[in-house]
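In order of appearance the chains are A, B, C and D, and numbering begins at 1 in each one.
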């Protein structure tokens, strides 16, 4: 059994807490917004200058002057704040954003990660990835456990161009949750139907098994009907 | 004949032009505000965060949250802007303020000046003097030509602790106006009753006499009744 | 009376010279001075170095299409920057890629008279190549140098004859910092209001930074709804 | 529900430890968190390093009078700072004098994760002693290092339970930048308003920077009219 992209997002959302300030990268991370507990106040940060990003607007309440980091139109939650790029990057680089949840091409066992440039990509673009990479209090990576060719994305050393060094704290994949500890990788949760040996086989660096390592507990569908595992 | 402190301020005001952004230091410089041409829009900058400082408030329109750099209450002119210290010092250090008009203890012939610390002063304080010193487009100094012991304040080399190097453009004193040119000091205006030789005698560095050097033309009293010369 | 207003975008770009460095504000479709982009295309200056967060077609395509750009300094020339990408790939346009927060700080340093800053962003990555690394208090930083421009073109919601600007929504983005870093700064605004109408506490960019203000309707390129999937 | 409000200033200063570094906002009588100053005096922490633009009696005298301060980092301990001056002159309190704009930039560097900045301010003066001088693009600059604090105490007009702050008049001064640079940041506000009441575009300090908000009446020390002659 493995998680869908929505499933990974759902699982990450369970680990966020009231009062946290969270920046969601493109890809799986933005889906996390759909699974936040509505009873907990979690403020979403958008690097173009918003703290308190709300859901996409309906046609009738669309504001042409309000976009989020992905360039799509957005709304604001009650208590949101708007600011310029200087203040936004003070938040990001200065250690004020609680979590950056980012996609990645590779994560190394020492917490290095690569998420901005695929080898051989013709036109590079970096955006705020490196600033979040060095500055957010916690870097959570959301990605598939292996590439679509079956190659491990959790590796001993990144081969893709680095985003930041030694900064990833936790990796959420379609198969497992892996923590990056000072002395290496620790397997914390595994999707049902996979043994820890299965996960190790799909991981490019040695995994310690956490004493309390357990099966991941994710329902088949979310309350919005999205399929979370397959 | 010599100018009063108000007279020096009056004379400086004649050299300011519409559209300029001017920071007035403590002492003679703040008096300049009283002599600005009301038909010209000149914006006064206050380093604590105002562009467009207006006159002192009357008791009935006093706002306890509105002070200018000298810590006294002030008002705002129409079109004023309020901001924090970061933005204020971007204006000052970044070359956006057109003129800083500052008092000084000494000015050297190369444009060095000293205005923040008298030798032997027990408790130093610098405030924004050094930022304006390096950053304003034009530094005009307003001061008496000699100390109250008769010592020249325009000198070959400053003996008091420097504020900034090679930045003074023009010196307005109670006796003369002296420009700081690349190759030395140039006497531009002299108070009636003083010869250029008299001024040189009271100046600690050689003065070139401008081709168009002339007598200063300042009325005896300002329209507000203040005495401008004595 | 101070009057920084101009009656046309053409006037605002008239003095841009060949080889000039030009900043453009904007992030996504918001806060882009689209009418000034077109006016600069029409004006004809060549070999421009453009400083902008991105290079999306909606923002800058006229200048790339007309072959006016020599170099782009940006953080994210996204996949929707077709006009830029084509010219970058054929070698016509150079790219200096700068992390977004570093781009902001470099522009801020330029506008605020700083000589440079040490940032942790990019240490150990390929964007650190050729840059000084320095350990301060046990952490590594890169030395990054100021960016200034001959012209900065910004976009605001309201402006007045004094050059005071007020933004709305996420318009502030790069506009506020770029307004400090151009030798000449022109603002495209949606509406020119009488001086004093913007409350002093809501002036986001004080007039001291602004040379010209021109009123122009939002460019139709920047009104289209983005495709689904571009949402974040 | 997030609730950063506290019911007393005593709670806001409760955890300040002996030897702590503490920032206080304010310029002149405006934007000084005077009730938090008193609360910190009452709390009793000793050997404090205070970072503040000045040290006027109206702002900080209780801490100097009670002998709680080891060191002051400031730009302008003015002639009205009698309590500080007496203790500085008898050697009880040290002073690190920093040009005002450099003080701002050092605090900003601390709050924004920069390792340092190069500023032209102070080059060639006695305040440059012991500092690295570097020529960049033909001009000399000083390397200035970040300032952070264990606690930053700021003052605003309005605050909400999320920590969002809005200032009025010249209250922003050092408060905005200091709010980014304290490990713990507490705001004394004149009025706590419901979340959402401060419009998003008028939130000057977003709640992300703020840990505690406490409502307190303006301190009477800070209401007195200054003497004539202190005007600028």
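The rule is short, and it goes like this: a residue touches a chain if its C-beta (ideal position, glycine included) is under 8 Å from a C-beta of that chain, and two chains touch if they have at least 3 such contacts.
It should be emphasised that the depicted structure is a prediction, and the values quoted were computed from it without experimental measurement.
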Higher C-beta contact count, B-D or B-C?
B-D
Interchain centroid distance [CA atoms averaged], chain B/chain D, Å
29
With chain centres defined as C-alpha means, what is the inter-centre distance between chain A and chain B in Å?
57
I'd like the Å distance between the centres of chain A and chain D, where a centre is the mean of that chain's Cα atoms.
36
Where in chain A do residues touch two or more of the other chains?
82-83, 89, 93, 134-135
Within chain D, the set of residues that touch 2 or more other chains is 105, 108, 113-114, 119-120, 168-169, 201
Touching pairs of chains in this structure are A-C, A-D, B-C, B-D, C-D
Counting only contacts in the complex, chain D reaches chain B at residues 27-31, 53-54, 56, 74-78, 81, 84-85, 88-89, 95, 97-102, 104-105, 108, 119-127, 157, 168-177, 204, 218, 223, 225-226, 230-232
Quick one: which bits of chain C touch chain D in the complex? Just the residue numbers, please.
105, 109, 113-120, 134, 136-137, 139, 141, 145, 167-169, 201-202
So in the complex, the part of chain A that touches chain D is made up of which residues?
18-19, 21, 41, 43, 45, 51-52, 76, 78-83, 87, 89-91, 93-97, 134-135
Residues of chain B touching chain D in their complex?
24, 26, 30, 46-50, 56, 62-74, 82-86, 89, 92-93, 117, 122-131, 133-135, 161-165
Spell out the residues on chain D that touch chain A in their complex, using ranges where they run on.
1-2, 108, 111-114, 160, 162, 164, 180, 195-196, 200-201, 203, 206-209
